[in-house]
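The chains carry the letters A, B, C and D, assigned in the order they are written, with residues numbered from 1 in each.
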Amino acid sequence: MRVLMIGDIVGSLGRTAIQTHLNRLKRAYKPDVTVANGENAAGGRGITREIVRSLLKQGVDCITLGNHAWDRREIFDFIDEEPRLVRPANYPEGTPGQGYTVIPVGKESLTVINLMGRTFMPPVECPFRTADALLANLSGKTHIVVDFHAETTSEKQAMGWYLDGRVSAVIGTHTHVQTADERILPGGTAYLSDVGMTGAYDGVLGMSRDLVLKKFLTQLPVRLEVEKTGGMQVNAVVIDLDRTNGKARKIRRVRIDDDQPLLDG
Amino acid sequence: MRVLMIGDIVGSLGRTAIQTHLNRLKRAYKPDVTVANGENAAGGRGITREIVRSLLKQGVDCITLGNHAWDRREIFDFIDEEPRLVRPANYPEGTPGQGYTVIPVGKESLTVINLMGRTFMPPVECPFRTADALLANLSGKTHIVVDFHAETTSEKQAMGWYLDGRVSAVIGTHTHVQTADERILPGGTAYLSDVGMTGAYDGVLGMSRDLVLKKFLTQLPVRLEVEKTGGMQVNAVVIDLDRTNGKARKIRRVRIDDDQPLLDG
Amino acid sequence: MRVLMIGDIVGSLGRTAIQTHLNRLKRAYKPDVTVANGENAAGGRGITREIVRSLLKQGVDCITLGNHAWDRREIFDFIDEEPRLVRPANYPEGTPGQGYTVIPVGKESLTVINLMGRTFMPPVECPFRTADALLANLSGKTHIVVDFHAETTSEKQAMGWYLDGRVSAVIGTHTHVQTADERILPGGTAYLSDVGMTGAYDGVLGMSRDLVLKKFLTQLPVRLEVEKTGGMQVNAVVIDLDRTNGKARKIRRVRIDDDQPLLDG
Amino acid sequence: MRVLMIGDIVGSLGRTAIQTHLNRLKRAYKPDVTVANGENAAGGRGITREIVRSLLKQGVDCITLGNHAWDRREIFDFIDEEPRLVRPANYPEGTPGQGYTVIPVGKESLTVINLMGRTFMPPVECPFRTADALLANLSGKTHIVVDFHAETTSEKQAMGWYLDGRVSAVIGTHTHVQTADERILPGGTAYLSDVGMTGAYDGVLGMSRDLVLKKFLTQLPVRLEVEKTGGMQVNAVVIDLDRTNGKARKIRRVRIDDDQPLLDG
């Protein structure tokens, strides 16, 4: 089973990047299932029902989220209705939405778990213990990928080792910069600290570089907006899972931008 | 001018990795000058005089530092004596050591600046304004690389854009994970959010994965130690600068580990 | 010279508390000059021109600010025009507004300095060095009070000791809870870690206790609003300064609320 | 039932302050039961078996802890053996020690719960939910005091309101500065944001003021030590609980230092 995971889609340029590149990516890599992180899809903060529908219609099979999931309040109106939408599982009990979902992939299925780190982030439930609890309930599942939405490389690598041999892949999101540390851990779990983002190529994490710079230089409150000019980028990862046991066989990073066009699509 | 920059050397395995791979790296890439971040060289925390000497002797031309610079107190005894050792320039006035150095490279020179971010880090002086002040004093210099030691991708990318066209390269350190976002910005500045680390391949950022996991799982104070078992990794970047004007012409990431051996050295 | 300092005025109940109690406080304590922190006066976030005018008209002689100074954007339109309005002096160079002001008090004057801490707050300039620089420029002044707007007790106490003997008083703001550690330090500087807030008595720091609790319980983004029901409180401090040399002679905390009515006004 | 709660005992001066003042305090206030926070009793960090024994022998009936509980490793050897020692209940499952204890007080008992905040502190379990769970198990108990060890006034006040009417008192610790906001909430719960510390009067939170200042001024790692010179202070609170239902009837702050000697003891 081949899984395509696309990093945090940021704002209008991010959605345009999906419109422009998703089909080409699929032709190039022929994934069986496509997962994308959508926490920043609506103007850099949150996601709307319309964007969810549009992404699913364009061929995304599952949308994961993160700390920005809640920035558009309308999500509380639809998060419980969309089985292909997943928010971090370690938000406290009673949080709307679901922390994992099972996506049919032909006769098989892929389980997608979303977890969130706690270092420099809101103090949600322990992601390691939440992972244990989820996996105990998913004992029949063999093909499981985890979107671990976290800030620090230490918490991410710790999660990779913690789940090695127990899930098919641990793929980080949230920093919006793809890391180059893809590997298959000894137990058969594919690992990448961060898959990177999808959106403006000339911003700062997809947001306006002028506004971000203004914030750093003045330390005043600055309302960030997405970068709307310049090129686009798509950051993704392709993971091949053993059909029988779900072990990762191969992990490849994908980066599309003005400097590195997708030629083979 | 070709510059080889090597990411944070962590502990004994990091130093062994330098002994094992530096000459091979040099044969493979033929750099004119080699810079390495040494803030974690002594047991994961700080650096000693002996390690400084050893690294310089082995062919490192300049050692940069970061927030861990001061963890071994003996640094206060020698930091003012070693012209090839640089600590973040934006520590407050009166801090021992120097924030940049000029390394002779044949008839030319490379200026190496070390700066530190402030997001989730100690509140040192503004790195952007410190960069402005340093560059005002370095107006004759054309070949300048900045080691920007920072936690967040936003502060790093903001610095890249801020210095684009004013320095040859802005290369991040501190997260210990190499990022895959190398590019040459429109003004001619090579950029990479993080060059990654040099040391244990099977730890967490070079430290013991058991101890880091213990820390995350218990939230108790855990004295971290370097990971001493398993393989090694070297993360580096090679930047080619235009001889005449110091503009970056090419930037390539280098990653050596058990999964990706250095074949061409 | 007797100085009355009133803690962070929060929202409409805070402004009502001033209307209700300021004159009575003045009758009770007969201050020569009144200073109030106004960073939360407009709906809990920032301050408007109208509120500034109203507070000054009601008998506040000087308004200090803090990290919330900038939350209402209109402040950028008037902060440079009002000499009795002060924002933290250690915002970076180029920040609108002023970091201290000199208030005429009969034939004498009181200098009011506003500084901001950096622990768990934005990384502005070093407040200790900024204090040094300001005091070097204020060498003729003997009556100086510092509103040190900071989160942690350690940074506040450190500032108290740092400025002991160099200013008349170091009075903390920002935590919205009055501390009971008033004292006169050996060098003659009055010190209080936090003067507390002015506004709702039954909220959380003046904000809606239901909304604050919702935030802690859900870890979701919650737009806080001021608490509008229940009683009011005023927290203040009265400091007596030696007429000749500005040394503090006495410091008394003042607390008015439903449980502790102001009887002597 | 009258409860005396003494704030964080810091280092040798803190222990000396107990030796000097505890008996006098008891004579003055005649408490039925005495609780003290001991997380900093050993050199400012952690506590030893010997200090535990000594404090209990001197008349402390229950010792609470906090984030510094674990700084002396020997605590892991004895924390499970001492029924009068309590660590924050919301450390994750499996943490040594207990989160509450029941102290016999004549024919009655006082239940002491220790909880820890999460804002600017380690991400332990949700203290609000942990409180709910503990109280569900303590349904027969009427006399319950909570030592809520937390950094921010917002989390502390939120806890006060959350537990109002469900426990006898919510008393904060950790900031080492006594607050002046004592009150009895509408449901009958005594509340104080922080009881303050016990130890050096001329340090910064009990630690060396020179070293703390050095840390703020240099931003370098500084190994803090307790302040050993100058006077002492004791900060405490006396709470009177209704014998029949455990409701708080009265709450008084106690502060003893060079400026405010205990006269009535």
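In this section, a residue touches a chain if its C-beta (ideal position, glycine included) is under 8 Å from a C-beta of that chain, and two chains touch if they have at least 3 such contacts.
The structure presented is a predicted model; accordingly, all values stated were derived computationally and were not measured.
K.L.:
Starting from the defined contact criterion, work out which chains touch subunit A and subunit B both, please.
P.N.:
Touching subunit A and subunit B alike, sorted by label: C, D.
K.L.:
Could you quickly compare B-C and C-D and let me know which has more C-beta contacts?
P.N.:
Output for the comparison: C-D.
K.L.:
Taking shared residue numbers divided by all residue numbers at the interface, is the value for subunit A and subunit D over half (same) or under half (different)?
P.N.:
Same: most residue numbers at the subunit A-subunit D interface appear in both copies.
K.L.:
Report, in whole Å, the distance between the mean C-alpha point of subunit B and the mean C-alpha point of subunit C.
P.N.:
Chain centroid spacing, subunit B to subunit C, equals 43 Å.
K.L.:
Roughly how far is subunit C from subunit D, going centre to centre by Cα mean, in whole Å?
P.N.:
29
K.L.:
Which parts of subunit A, given as residue numbers and ranges, touch two or more other chains?
P.N.:
In subunit A, residues 92, 123-124, 126, 129, 217 touch at least two other chains, as defined above.
K.L.:
With touch defined as at the start, can you tell me which subunit D residues reach subunit C in the complex?
P.N.:
Going through subunit D, the ones touching subunit C are 120, 126, 128-129, 151-155, 157-158, 161-162, 175-181, 183-184, 193-194, 196, 202, 204-205, 207, 209, 212-213, 216-217, 253, 255, 257, 259.
K.L.:
Quick check on the complex: what are the subunit C residues that touch subunit B?
P.N.:
So the residues of subunit C touching subunit B come out as 92, 118-119, 123-126, 129.
K.L.:
For the complex, which residues does subunit C have touching subunit A?
P.N.:
Against subunit A, subunit C makes touches at 70-71, 91-92, 94-95, 122-124, 217-221.
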